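This is the structure I have questions about; it appears just below.
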Amino acid sequence: MNSQWQRFRNRLHEIVFESDTLAGRAFDVTLLFLIVLSVLAVILESIPSLTKPYGPLFDRIEWVFTILFTLEYVLRIISIRQPLRYVFSFFGLVDLLAILPSYLGLFLFGAHELAAVRILRLLRIFRILKLGEYTEAASVLAYSLRESRAKITVFFVAIFTLVITLGAMMYVVEGHANGFQSIPLSIYWAVITITTVGYGDIVPSTPMGKFIATIIMLLGYVIIAVPTGIVAVSLTNANAGRKQEISTQACPNCSRQGHDPDAVHCKYCGAKL
Amino acid sequence: MNSQWQRFRNRLHEIVFESDTLAGRAFDVTLLFLIVLSVLAVILESIPSLTKPYGPLFDRIEWVFTILFTLEYVLRIISIRQPLRYVFSFFGLVDLLAILPSYLGLFLFGAHELAAVRILRLLRIFRILKLGEYTEAASVLAYSLRESRAKITVFFVAIFTLVITLGAMMYVVEGHANGFQSIPLSIYWAVITITTVGYGDIVPSTPMGKFIATIIMLLGYVIIAVPTGIVAVSLTNANAGRKQEISTQACPNCSRQGHDPDAVHCKYCGAKL
Amino acid sequence: MNSQWQRFRNRLHEIVFESDTLAGRAFDVTLLFLIVLSVLAVILESIPSLTKPYGPLFDRIEWVFTILFTLEYVLRIISIRQPLRYVFSFFGLVDLLAILPSYLGLFLFGAHELAAVRILRLLRIFRILKLGEYTEAASVLAYSLRESRAKITVFFVAIFTLVITLGAMMYVVEGHANGFQSIPLSIYWAVITITTVGYGDIVPSTPMGKFIATIIMLLGYVIIAVPTGIVAVSLTNANAGRKQEISTQACPNCSRQGHDPDAVHCKYCGAKL
Amino acid sequence: MNSQWQRFRNRLHEIVFESDTLAGRAFDVTLLFLIVLSVLAVILESIPSLTKPYGPLFDRIEWVFTILFTLEYVLRIISIRQPLRYVFSFFGLVDLLAILPSYLGLFLFGAHELAAVRILRLLRIFRILKLGEYTEAASVLAYSLRESRAKITVFFVAIFTLVITLGAMMYVVEGHANGFQSIPLSIYWAVITITTVGYGDIVPSTPMGKFIATIIMLLGYVIIAVPTGIVAVSLTNANAGRKQEISTQACPNCSRQGHDPDAVHCKYCGAKL
């Protein structure tokens, strides 16, 4: 019976986790469809004019989805050999996040609406599509952002100290009376200004404050250019890296790789390639 | 008589669709002129201070343009061999869109103002100008956007899930009382914030909401860098692709490659290519 | 006497137009100093709290600068051999623009404040500095913008038709009551939104209007990436063009140029370089 | 005794300025920790709801930090051989700025809050981390900004004259009644608009003003592209410069160049380099 259980489990894994078989594909497409519908339900439920007349209906719909997703979650845990690795993987956590809010909503007011977070499950779409073009595009983008991680961290540390400094400065210059009620609020203003979002809910009133704001905005020109430059460069590299076509030849003598495509001899030991 | 009809039709096609002959060019220039005038009329008509005194005049002007453009539309359908291919082409649909609002305006209130959409017909200007420089620039831009289609799609799917997640989060954090009245409205806010538009019609009021907004804005720095990087890279490629065009010829003597397309002799050994 | 006049004129030209001699350099530095002071005076004069008590003083200061600049303008016209070419050059027009508002201010209310336009004369600073680094940087930037002229024109024609279309659409969707009072105003809104400026003076109120605005903002992501990409690419080219170091060798046989630095033979006729 | 003092001083220098020894590292980590805590205290102190009940407590905390940082400052001056070079270095000034506001706060109202500026000391984190990746990223970014200094200066001079011109123009067009109360305020508006911040605290009201604003915003498209392009290009160069490092060695046998820095043998003929 153990082996039968094993066979069942493998079959289940094929359906639930893979999308190569017809059943697996059908499962995935159905799932995506359900995710979109469930998110749509959560979003619509939040609209006041719909909540009132259809409140109880939305509640029932919500529970249907929650039970379906809970069932799916259990199936995933059962079918996999190392359940913990799935549970703590990105998609494992997202899957848990998709059902948790409904259960928490029983005890905590407002938690329920967080069910919209299950839209993140939609990211699974990339695995299902398996369209080479999109997978490659995603991996190039991910690679670029990863490659520029160090530069972006440095950039954010600099921005971080800058907005705190500017926030404190504006707090002193503008002061409580002009809406800059605390340093955290002034930092919030500095971020709004330097990212060029510019809500306008807090604006400088004093000439000195306006002068400083002008300087910050002009400074923002160069600042916003930095992350763009970083990403552009790493995207270029990611593309080039893919195109550079470093020869896949390994030296027959020292077996080291990384030779240029036009190399005739190994650049390390001199043996003929 | 059939052949005479055919002759007339070919002549008509030359005038209406082509712009190589003098008559065709005159037709196109007149058309562009009429398009600009008709759009100007629609725009001016919408200004309250002009609508009142000149309302009936604008109505009459509008019908003159509509009848002229309808006539032109009929001429196009008559003169072409496969009318359906024209009707469902980009410019065919735009041409229909340019006359439809006026007729719909007879039945539907407000439809008439959509006549401004006929400005899209102005895009025909590129065909008439036939200035190599502009055509090439347009094709390089179009090629770049097409080439980065996959990356941009991935980017938008990611943005899509991000703004829904952030919208739901802010709806829970800020709540009904602070202007975040529904999840769709919160998503609208998230888009306004992450694109750095920042109207300021909805802004976070709670400290927690402001903190999350700050994180989103800083995140927006990296996010806005991605499409810019994508387009910059594909523009570089489009340019390079156009300029490189390195000849695929190999020297018959030393068989080395990498010659410019205009090379006659091998630049390494001097042999005739 | 004619020759003496000629000598005087040449000497004057050296002082007024050139900055190689000590006198010429002193003239230019003094001029820059006066320009900054005069602009500062115009700017300060506009501040209400200063206009009242010091109004007459500012008036007198303004006339001193106007007379000085008029004198300078006359000197320039006298000292140059082809006065008309100077008058209609960029700096000639700017110099005229710097004195005209004061005289017009005698007849037209408000014209006087336009004197601030004389700040444009400050651009002359680049000629005086003659610092290679800055001149080169300016020429690289100018070259880049010039090189991408065609692409930017195409971009603006596309943006132009887009904002008119979107403006008309929003005018119909939102309508008079929600602040979208006319198509020109709606176009103004569309530009504010698509450029991510986002004043917030006009915002969509209806759900449909908000939905369209969301689409436009997300679209803006890709749109804002295009000019950045264009300029980045042409800057790269401008830089590369400067660095590429195409060999300056001309073929001794056919005397054609443009050979790669590693070329041994002329790629056109095969002669040894 | 002099030599003992010297030994003590060297030891102190090792602890206070360097972070290679265990003691030095412990000192630096403690310091960073204190900096974060002290800034947090200043920020929290500014929040009205916390100032009232905990005011005296915050005052005492603030003085503890000030005394600690003053002690550290004295130690730094004592331990270094050329105190003036430290005092006028970037970090020397930042360290002074970190303690000055507290002392000034005794005499000047508001000066005390500027203590938040001590967040700048956090930049010292880069020295402590000594993580190659981050140091390199920081140096690449710094190098890029330094390399594009000339271009960015030219850009800012152009922006500077542009916003003054546009500000004066809008002051005349919109005038006092519509919120454009002075030229400096109009320049402030021009900067808000051209950087796409768009607070919305000052907006054009007249049709002419809106038309000019539309032109400025569209112009902003190209303007914002320039610094981005500049930084992207110099980042590419900085990266390339760092990666190329193509060996300047020529093969002693075939004398061909272009070998990688890690090459031992000529990749063309196999001879030892």
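Letters are used for the chains, namely A, B, C and D, taken in the order the chains are written, and counting of residues starts over at 1 for each.
Please note the rule applied: a contact is a pair of C-beta atoms (placed from the backbone, for glycine too) under 8 Å apart; a residue touches a chain by one contact, two chains touch by 3 or more.
Going by UniProt, the chains are A, B, C, D = Ion transporter.
Keep in mind that this is a model prediction, so the values were computed, not measured.
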Per Cα centroids, the chain farthest from chain B: D
Same vs different contact residues, chain C with chain D, by half of numbers used: different
Chain B and chain D, separation of their C-alpha mean positions in angstrom: 40
Rounded Å distance, chain B centre to chain C centre (Cα mean): 28
Chain C, residues touching no fewer than two other chains: 155, 184, 187, 196-200, 224, 228, 230, 232-233, 236
Sites on chain B touched by chain A in the complex: 150-151, 153-155, 157-158, 161, 164-165, 167-169, 171-172, 175-176, 181-184, 187, 193, 196-200, 203, 207, 210, 213-214, 217-218, 220-222, 224-226, 228-230, 232-233, 236-237
Residues on chain B engaged by chain C in the complex (per definition of touch): 39, 42-43, 46-48, 110-111, 113-117, 119-120, 122-123, 125-126, 133-134, 136-138, 140-141, 144-145, 152, 155-156, 159, 184-185, 187-188, 191-192, 195-201, 224, 227-228, 230-236, 239, 259-260, 262-272
Chain B contact footprint on chain D (complex, rising order): 196-200, 228, 232
